[in-house]
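Should a chain be cited, it is by its letter among A, B, C, D, E and F, assigned in written order, with residues numbered from 1 in that chain.
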Amino acid sequence: MRNLKIKVVIPVATDHYDAKVKEDFEKTVRPGTEISVVSLKRGPFRIESIYDKGFAVPFMLEVMKEAEEEGYDAIVIFCACDVGLVAAKELLTIPVVGMAESSMHLAATLGEKFSVLAPTKEGVLMYRERARLYKLEDRLASVRDVNIQVADLDKDITDLKQRLLDVGKKCIHDGADVIIFGCGGIRGVREWLQLQLGVPVIEPGLVAVRTAEMLVDLNLTHSMMTFMKPLEKPIYLYESYK
Amino acid sequence: MRNLKIKVVIPVATDHYDAKVKEDFEKTVRPGTEISVVSLKRGPFRIESIYDKGFAVPFMLEVMKEAEEEGYDAIVIFCACDVGLVAAKELLTIPVVGMAESSMHLAATLGEKFSVLAPTKEGVLMYRERARLYKLEDRLASVRDVNIQVADLDKDITDLKQRLLDVGKKCIHDGADVIIFGCGGIRGVREWLQLQLGVPVIEPGLVAVRTAEMLVDLNLTHSMMTFMKPLEKPIYLYESYK
Amino acid sequence: MRNLKIKVVIPVATDHYDAKVKEDFEKTVRPGTEISVVSLKRGPFRIESIYDKGFAVPFMLEVMKEAEEEGYDAIVIFCACDVGLVAAKELLTIPVVGMAESSMHLAATLGEKFSVLAPTKEGVLMYRERARLYKLEDRLASVRDVNIQVADLDKDITDLKQRLLDVGKKCIHDGADVIIFGCGGIRGVREWLQLQLGVPVIEPGLVAVRTAEMLVDLNLTHSMMTFMKPLEKPIYLYESYK
Amino acid sequence: MRNLKIKVVIPVATDHYDAKVKEDFEKTVRPGTEISVVSLKRGPFRIESIYDKGFAVPFMLEVMKEAEEEGYDAIVIFCACDVGLVAAKELLTIPVVGMAESSMHLAATLGEKFSVLAPTKEGVLMYRERARLYKLEDRLASVRDVNIQVADLDKDITDLKQRLLDVGKKCIHDGADVIIFGCGGIRGVREWLQLQLGVPVIEPGLVAVRTAEMLVDLNLTHSMMTFMKPLEKPIYLYESYK
Amino acid sequence: MRNLKIKVVIPVATDHYDAKVKEDFEKTVRPGTEISVVSLKRGPFRIESIYDKGFAVPFMLEVMKEAEEEGYDAIVIFCACDVGLVAAKELLTIPVVGMAESSMHLAATLGEKFSVLAPTKEGVLMYRERARLYKLEDRLASVRDVNIQVADLDKDITDLKQRLLDVGKKCIHDGADVIIFGCGGIRGVREWLQLQLGVPVIEPGLVAVRTAEMLVDLNLTHSMMTFMKPLEKPIYLYESYK
Amino acid sequence: MRNLKIKVVIPVATDHYDAKVKEDFEKTVRPGTEISVVSLKRGPFRIESIYDKGFAVPFMLEVMKEAEEEGYDAIVIFCACDVGLVAAKELLTIPVVGMAESSMHLAATLGEKFSVLAPTKEGVLMYRERARLYKLEDRLASVRDVNIQVADLDKDITDLKQRLLDVGKKCIHDGADVIIFGCGGIRGVREWLQLQLGVPVIEPGLVAVRTAEMLVDLNLTHSMMTFMKPLEKPIYLYESYK
């Protein structure tokens, strides 16, 4: 089992999460796996809507391309809505793992239906769209929000826990027997919530990084037959075309 | 029936198509509808993959926002893969119409299954993803390409027609009873192909602009309950965040 | 853009609605489109069940055949349950547009799920059957009735509005983000209800006539590959076979 | 186990099939079940399209209503496309059994996918529509025709057998592991074809009459909660409304 | 119509139900059908979970094989969760009928959605799994339990009836218009409950035995193309392999 | 990251595979994970049909129960058809991982559709049933066999490779962009086949053991809300009940 290097891309224009994610992920991977975290220089400050996602993609694709060229073995997109995932699969040959895709499929093996606990209601559509795109819509019991903006998730952990518990119970009433956190910023409460609710609670970043590691170790990546290399063409990102 | 102004956004960084689209659309709309066409200053030169789409979205959202502020009544995204459509629905309150979404739904009323005739195989996934997202996957017989890059579609019309006919027949063999062109750049051949194949052939731009006009005339737009206004936040597009 | 003639078939044996529909539709179509309305000499007095539909079909097919022979460019079936639609597509080569089919597909582009507001509970099955047949069942949040018989819909507009509002709210609770009226007889309240509910409200007749106009203008009709011309045979409608 | 009376309605305006159906069915039912066959005085001479079906429904509903009033215990609609079935369920409280509905569901228990062997290609859509309506579309491998008009099915039994065998093999290639005859007029060849093809071959009339008998014996009928009694209203069938 | 012999296999290691089932079934079948009932020597005492089912299968397969060899014409598995059904179809060429499979398909013809009334909550998953496997999940409104263990179902008929009525009403609220009993041990209350609830109530054993009889009379059985004869191999059931 | 003990259950009554599986799995897991392999004393010699599966389940459940009591952290069922998986989830609180379930879900993240390469045609139904049960049927392109009995899979590796390649190409033609081996006995050829076919090829045992490890490390297991503890009752496995 050889040494691996996984690049974690945080698709927001702030380094606020870099150190925390690195710490969490390093505790989660096997010996020999090196975690490198990068956030964006340009893009949205947070991702809370499909609109926000649009501003992250071009800059993410740049850093992911760079990571492949630098010899990284796999990429984890640290965002519960898998921003830029399909585009990245077209671009790269190393595995690219999304938190929603990997966690939703895992959840489908742990129970009948899962719910997503999102920070704010403006993001609900993002998770629904993901479930639909991954053909897991029948497995999605509901998406519910705790009404805390992403930037405030780590401000009051007691309040966050209470809201997760309250809304989590509603999800169970919706038919969920598994819960997935809808944001990488919901940290440090998984074990507690799982115990309280009595159903599996998934912290999707951890699933994603373990899945990335597994794919590299098993020499697997996405199918090049479906995710084809984009045709070369001029792309004007930092200056206008004329 | 009042006068309307429809803004057509061509999501590529070239003005090559502007005049042609304006001409086609002006012939298609009712008296009193004004067509204004805009292409991008930054973004991809063409859109032939989900990767390419990623570079168009931020710049499209800017011009669409501007169009709403300037009083346009509706927007048509001139791209057969509906780049940025959902993000735009979140952002705007005026109708935003995608060529794939409007044409696929119309096709579903004209027959049992439709196929998409795409320029190149690298784009096949885009149309499949659209059908899945719009929950019309059961209606999609196939996506097939004519193996001509978007930039070359208007180079040899005789060759294009022959390929459309050959591949169109394969689509019918796949089970399609309706054909949709997979690119706005496939122009001036619809009537001919429809006659040759004996099944409806849809030029999606024309359906989109008529659908936009209908929505405005009937005072309808997308549901604000689902497509929620994104939360305000800093977005760094033209310069880095620090 | 040439002049068009659209024949609107009201599938009931009463001319009660003829003038109103003509008035509504003439306000809705573009300059150059002529609206002609016809109701039945035989058939049911109203359509409130699949049973009722059965008595309208033979007589509708006659008037639709006649309309095609007289040179009409398209037909709109003025009934929210698309009575005789598929049979008419088999019979005719000009476009035949159903109110349910065109509106349900449009609704699917405006939101995630639609509900149908029907006059009476006896008709609920009709709309469910339509959604199933058009493969839009996943998009149907619910069908709910306002408990007013079709013949009484225009008797007390204040009462009708209140019921539409009350039941419309229940539909939103069912998960609908778009509402479709389940009867052409629900008139003159769409704008008001849309404002009250805050979601798109579709008056399906208006969508149907605009869709018919679009199909003719774009030289499109249903696929003859699927809707095949019926084999000739004796049909005994006005007298017995022996 | 009490005596039963089953009314078989042949929805065509000819008594050509009456005696044959009576004979076949009497051999199929249990002791104590009486079979009465009726065909139409008005309606289509044959049913080979959804268009044809439209002309049978009003007259069928009349004879079915009469049968219930006369004390029949159940009704079988002798047509492989279940013409008027849903309307009849609304109208009546005794069981009404369709050949397609009962056979398609039985086929789904005998294998993974069934194909329908139809007389002519103009009828293909009828069976597809049935499978969709009964939510068995995923179980339908294909509908294929033997290119013999209904009226000629009993003209050359050797030719019919050869065509059923040839087309039946294509159905198996389509993925079918069960075959259903798409017309009650395909008689006397089931055992032979089943032996030749090595898969179950269903003669739907026989399944329908046995299902009707079972429903009566078990005191079951369709759910009145869904199939509601139509509201009373004037219906003009034999003369114009004014 | 020749004489038949149907073997009914009760997949539990107790003969508690043998006489009652024989009595019920003999009242249900046609003259000339002989009912023979067998329960297991080894296996679970009751079946209330998928776990329990696992212990019944090997011993059921033995008695079913024996029944075929003894010349029985068909087999009914007397268990509302169809334990061992698919394995038996692989093994045998005579029809094998499951109570869930036959009843769920029949229910789908009587209404839009059915609910299953199960004895205990531990069994809910069994019925859900059945509906999924038979591709009838969309037709399943809910599975609800009356909270009585299988062994106690016949202890207090008044209490059982009250619970069935209470829970049955909840099922209707869930959207069911047909009810299926989730256990063969729920006997003698069907007529009463059907009258109380106003929707069809199915006692699945009766449907199964009538379906088995029909299959034999019509010379039908499951498709050998799908249910292939298992390859021969050593199987160690009563002693260890070495 | 603490030390783990994973019990691998090979559901056949032979120890032929024990050492090989142990060797393969030990190379695949992280440092600190201990692999223990057990096969059955009673049960089928091989598993090549749903019939065969039935004879393995009771004995598997015994060894799995024992493993949990002995303190194992997770269980892998070493069989590509997940024999006994759901029953085991009901019985146990530690994670139980099936090769089909984990691999099919992983395949769904690597491409659009997967095919299963099975040893013999008699097993095809097993994999189809799994895909259906896991609601991944839309993702299953095909199941095809290489026509080698399980016991002969390791007899001629050159022949096996050629057959896998030939049949694998057919799977790609069926629409697959990912291949899953349908038997744990197909070993040592994955890398080669993946290179030849140009699509991901999954050896499901390796995915299962890594998934089991991940679940333990992340403190996740199946949902007790759905997989309920079976009610206690007498079960007669080694002797008759009276």
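Just so we're on the same page, a contact is a pair of C-beta atoms (placed from the backbone, for glycine too) under 8 Å apart; a residue touches a chain by one contact, two chains touch by 3 or more.
Given the structure is predicted, the values throughout are model-derived calculations rather than measurements.
Both copies, chain D and chain E, contribute mostly matching positions to the interface they share, with over half of the numbers common to the two. The pair with more inter-chain C-beta contacts, choosing from A-F and C-D, is C-D. Listed candidates were D-E, A-F or C-D; the one reproducing the A-B interface, defined as more than half of contact pairs identical by residue number, is C-D.
The rotation that brings the Cα trace of chain C onto that of chain F spans 180°, given to the nearest 5. With centres defined as mean CA coordinates, chain C is found 45 Å away from chain A. For the pair chain E and chain F, the distance between mean C-alpha positions equals 29 Å.
Centre-to-centre separation of chain A and chain D, using mean CA positions: 53 Å. Shared interface positions of chain B, i.e. residues touching 2 or more other chains, are given as 112, 135, 138, 226. Note for the complex: chain B touches chain C at residues 1, 27-28, 30-31, 97, 101-102, 105-106, 108-112, 134-135, 138-139, 172, 177-178, 191, 194, 198-200, 202-203, 206-207, 210-211, 214, 217-226. Interface residues of chain E, counted against chain F in their complex, comprise 13-14, 40-46, 48-55, 57-58, 61, 84, 86-87, 90-91, 120-122, 124-125, 129, 132-133, 135, 149, 226-231, 233-241.
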